[in-house]
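Each of the next two complexes has subunit A plus one more chain, namely subunit B in the first and subunit C in the second.
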Partner chain A sequence: MTEFLNAVVNGIGLGAVYGLVAVGIALLFKSTGLLNFAHGILMTTGALMASAMVSGGRSFWTAAAIAIAVTGLIGGLIHLSVIRPLATRGLFAGVMVTIGLSEVIHGILSIHYGPGQRLLPPPIKVSQIEVFGGARISSTLLLCGGVVLLAVGALALLFRFTLLGVQLRGAAVNPQLATGFGANLAVIFTIAWVVAAALGATAGILLGTLSVIELTLGDFALRAFTALIVGGADSIPGALVGGLVVGVVELLSGTYLGSEYRVVATMALLLVFLVARPTGLFGSGTLRRV
Partner chain B sequence: MRRGFRVLAVLAALALVGACGSDGDDSGNGGSSGGKAITVGYIGDLTGPNTGSEVPYLNGIRAGIAWVNENGGVNGRKIELQVEDSKFDVATGTQAFQRLAPNKDMVAMMGLNGSSVIAALAPEVDKLGIPVVGPAATTEPGLASENFYNLQASLEDQGTALVKYLMEQQPGAKVGTAVINVASGTEWEDVIKEAVPANGGTTTGFEKLEPGAVEANSQAQALKGSDVVTVHSNVPLAVVLVKALHAQGSDVPVYASYGSMGETLWKGVGDVDTDKIFGVNGWSMYYADAEGKADLDEAIKLTKLKKDDLGTTAGFTQGYVAARILAEAMKDAGDDLTRESLHKALRRSEGFDTYGFAGHVDWSGGAPHKGVQQVRIYGWDADKGQIVAVTDLLGGKG
Partner chain C sequence: MTTLTATITDSAVPRTRRRSVRLTLLGSGAALTLALPYLLDSYWLFLASTLGVNFIAAAALNVLQGNAGQFSLGNAAFLAVGSYSGAFLWVQQGFPLPVVFVGVAIAGALAGLIVGLPALRLHGIYLLMSSLAAHFIVTFVASKYQVANFGVAGVPYKAPGLGPLSQDRSKDVYYLIVVVAAVVALLLWNLLRSAFGRALVGVRDRDVAAAACGIAVGRTKLVVWSITSSIVAVAGLLQAMSLGTASIEFYTLGLAISFVAMTLIGGNGSLLGSFVGAIFVTGTPEVISRIAKASGASPFGDSIWSHPFELQRIAYGAAIVLFILLEPDGLVGLGRKLVRLVRRMQRPRREAT
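Let's turn to the complex of A and B:
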């Protein structure tokens, strides 16, 4: 029983990080209709910035806050300079541009930070914490779960209780109508990019505390696409739930079937959803095949 | 006006990426030429996922060539290195090879790293008879080709030497193993499966680590009953595993193969007792107290390399010695330096010295041209913040 609880608790911790990455992707997809393949490199950008600043003597929290803010700003600038001008050229052009952007930013990071590995020591002592029923989780994974809860909670409050949140939701459902009610779509979409990039940086920083930061850190985003499909690509709460499901499935399969089945099980889950429920657990059902 | 704003926004975004916490620096030396230079090709990952280990390896080669050119060259001729980027991708590596291969003046190649790239290009290398000196890792495709001259100890030699050593430290130990889920991981598993019972121990389990994983909870749980754990992966995965073992309350010694033996392995594990983490490698770090250290330091000065350019693994040293060995063989080949005469020189009976950074290299027996067959066990000197040898050279499988 303890083994099972261990897998579930740690799966939730890992799944929360998957979920945070997926939420960033879902936010843009829901509000702009664009699947952002540059999300991973924005994660790497935030992590590298924070690591460099911590190496330079800044505290973890200050470095993280600056890195998240600057990465958010980069997201906004990307929208204004590259994505917005292509808004009328269809989804395919937008997706291709995000792939190209990813390569460009990768190149800049490689030149600026060099190819080596970097560390981002967690702000807390790495230890083992008993949560319930004998289940244990590492303090860093627990911290990740807490930060994800805070980030997603703040996002939920923004959506529910602010004018901006209402406009974002309105623009996602019916852009023309939202414009008619005074929403400035250019500003709204720019803000969506800022928030998504900031969420990406947050996820990157959390991953950096768990492992080692390399230029390939953003590849983690590809795995979070499974969470996006499971939760429903246009559902922000769904993305988080999808992340939790994927994390728990991964850990349970690793514990009971063997570590070589962790990825196999999550890919099987992806296939099941794509075939049986392509809109995911919470998707709106309005997705179309392109 | 609008276009101007967009350009400004792009520039601002690029500037922001670079603005925070800059501490990188790039310097290098492509080798100088004087008279008729000798052309050597290099294919490796300069911008892909494996740059962390391959760029320092290339920097080592550049430093070795700079030292040779500065100290009389090869029979009076300078060496010129032509570098191509493979991006750790077979298709890109093949295109790079096609750009280099038509040059008949290119007498040798270096690099060609990555087992997939080697497997794809070995038939072409064999067709043209190009000597390839020192891929960063010794892999099965590299051992299968008579034109590849390997330098790193094979996994078989590393694993065999490691198991013999750890069984001396902990007789009858129960050994758990975690490997990266790629072909070389299976190779390491097979070595451990054979070596552990042969040396009086038992194996407790073999766990897979997926590339890019950020936690290894289930693997650590499965390995919990072990007295000692071996790991063959890249550095980040080894760090994740050690942290996971620690979080599970397991404080057993962990021995990492050369792929995960980098400074980050010790620096990145936080509160874990670094005295219980060891590495096995055929090659020493650039700061090792080896007989050839003065020359290596001179080479670093010549190429104006900074500390970051030397990397955190033994790759820089290996690249430097690879270039020195190649130059020595070229000298032996004499004025009639061709691919054929170079092959003959590389297979000379006395083998090659590695200036104290590794064991002896001997390719005289013909293919497969194995790398060094002796390894050292390494640990961490916390005061110096350096990887240090804890044993002399240990024999591998042989």
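Let's turn to the complex of A and C:
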């Protein structure tokens, strides 16, 4: 029973970070209709940058803030340089351009930071905290969960109460109409990219504090795709819940089947949802079928 | 449509001459292809075999993606289906080679049918996601099979003995690949010009209208998934023969992406494009590592050429981005534009009169 509770509690903690990754992807998918395969490499970028600055003597929080801001700017630049010209070219062009971009960024990061592993020690003392029923969770994971809640809460407020949020929601439903009511799509989509990239960097830094940072850190974004579909691709709160589900499924299968089953279990979950309920738990149900 | 207009406008050149030029080109190309093993050393012959395998798999993917509009990141998985069903039929059970090829083709077709099933209901990112899930599930099953039967080092593939025709391993593999590539090219070429080929384009461009024209959209999708996956599986078998081993670390998502890159860089929906794209993706790493070697940069130095692998990745990613942005029809589209430009420069006066 403790084993089970451990898997669930830690799964929720890890899943919150997956959720944050998925929220970044969902933000762009919902507003611009683009499935961003470069999200993973933006996570890696943020984590590597922060870890290099920390080993250069900066404090964790300054390093994280700078890394998140710079990655956000990179995201904005990506949108302005290569994504905007693709606006009318459909899903596949966007997917492939972001895949191509992530190859380019991967190469640059590997040259600049070297291919080896790096560490990003968490800013608080690592200890195991006992929660209900004898389950234990590390303080780092607890901190990660807190950061995710803060970030997603801020995003929810942004969407609910700011002009930018209203315009983004409008553009998601009907871009022409939103333009007619004064939304400058070029500007708000660029801002959406900045926010998404910054969220990615945040998630990357959190994952970095949980284990080591490698160039393959961005592969966690693949789990976030499962989270995205489980939550319903066009729902931002859904993406967070989807992340929690994926985290719990991953750790349960790791506990009971063996660690080599962790990734494949999340992919099986993805397939189950695709076949049985493609609109996910919270999707709007406007999925086109033939 | 483009070939039709091209033929009409180019009628200044006698048709028979054009045809004989084409036949000469084709004939000399075929002769060169057959003579290659005697002209190249073993390294270049291996590269030529790799190119052949890449062409076979890219051509199949290009029909699925370019002509039928079904996006797939499943090519690495289908290659693994081929090499691991080959491992069972050939390495473990020792069936004769023709039986192995047929068996692998059937295994690939079945796998394609299963992965294609969600395509009956799903579009766009959902379909892409299902091929992504299939990739991880297939490679997981393959790795379990490999470790249980052969160990972590991978499946050892022996040389494909061709009986009385047999020479040495690399030549045998090369000729096998050439024959399969020719058959596949001919098959796909004719397929695209059949009623089925036009049905594919209908399904891609407007599936509801295609259904209204009496095309069974679902069946067409499943058939194209099966045919192309079966071809990719055969390519996987040939690839394992050429490499001499099938090891699970080889079948990464990056491998799947490299085939999508071949079709996009060469030309989406074009058979020639698959070939040109395969040359580009197979050749670019080679060119870059040769320049790096020639530059004399030490692998630990600060020169940009000290990082050939990273440069390969950057070049290849940049090629994908640039082609999608600037030339969606790929190298083939670029070539066509150049030909048109040259022709226009050749006969400016005749058009004026």
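We adopt the following convention: the second predicted complex is superposed on the first by the 275 of 290 C-alpha atoms of A that agree within 3 Å, B and C clash if a C-alpha of one lies under 4 Å from a C-alpha of the other, contacts with A are read in each partner's own complex, and residues count from 1 in each chain.
In this text, contacts are C-beta pairs under 8 Å (C-beta built on N, C-alpha and C of every residue); 3 or more make two chains touch, one makes a residue touch a chain.
Quantities reported herein were computed from a predicted structural model and do not represent experimental measurements.
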Partner chain in contact with A:G133 - subunit B first, subunit C second, else both or neither: neither
Subunit A: partner with more touched residues, subunit B or subunit C: B
Contacts of A:G100 with subunit B and subunit C, given as first, second, both or neither: second
Which of subunit B and subunit C A:P121 touches, first, second, both or neither: first
Subunit B versus subunit C as contact partner of A:M267, first or second or both or neither: second
Contacts of A:G146 with subunit B and subunit C, given as first, second, both or neither: neither
Subunit B versus subunit C as contact partner of A:L251, first or second or both or neither: first
First (subunit B), second (subunit C), both or neither touched by A:L210: first
Which of subunit B and subunit C A:I111 touches, first, second, both or neither: both
Which superposed partner A:I66 touches (first subunit B, second subunit C, both, neither): first
Where subunit A meets both subunit C and subunit B, residue numbers: 82, 85, 105-108, 110-111, 260, 263
Touching residues (chain side subunit B, partner subunit A) in the complex: 5-7, 9-10, 12-14, 16-26, 47, 49, 51-52, 54-56, 178, 181, 207-210, 212-219, 221-222, 235-236, 239-240, 243-244, 246-249, 262, 264, 267-268, 270-272, 308-309, 311-312
Interfacial residue positions of subunit A with respect to subunit B in the complex: 3, 6-7, 10, 13-14, 17, 45, 48-49, 51-53, 55-56, 63, 66-67, 70, 73-74, 77-78, 80-82, 85, 105-117, 119, 121-122, 125-128, 136-141, 207, 210-212, 214-216, 219-220, 223, 251, 254-255, 258-260, 262-263
Touching residues on subunit A, where the partner in the complex is subunit C: 29, 35, 82, 85-86, 89, 91-93, 95-97, 99-108, 110-111, 222, 225-226, 229, 233, 260, 263-264, 267-268, 270-271, 274-275, 278, 287-290
Subunit A partner contacts - residues on subunit C that touch it in the complex: 71, 117-118, 120-126, 128-130, 132-134, 136-137, 140, 207-208, 211, 217-218, 253, 257, 260-261, 264, 304, 307, 309-314, 316-321, 324-325, 328
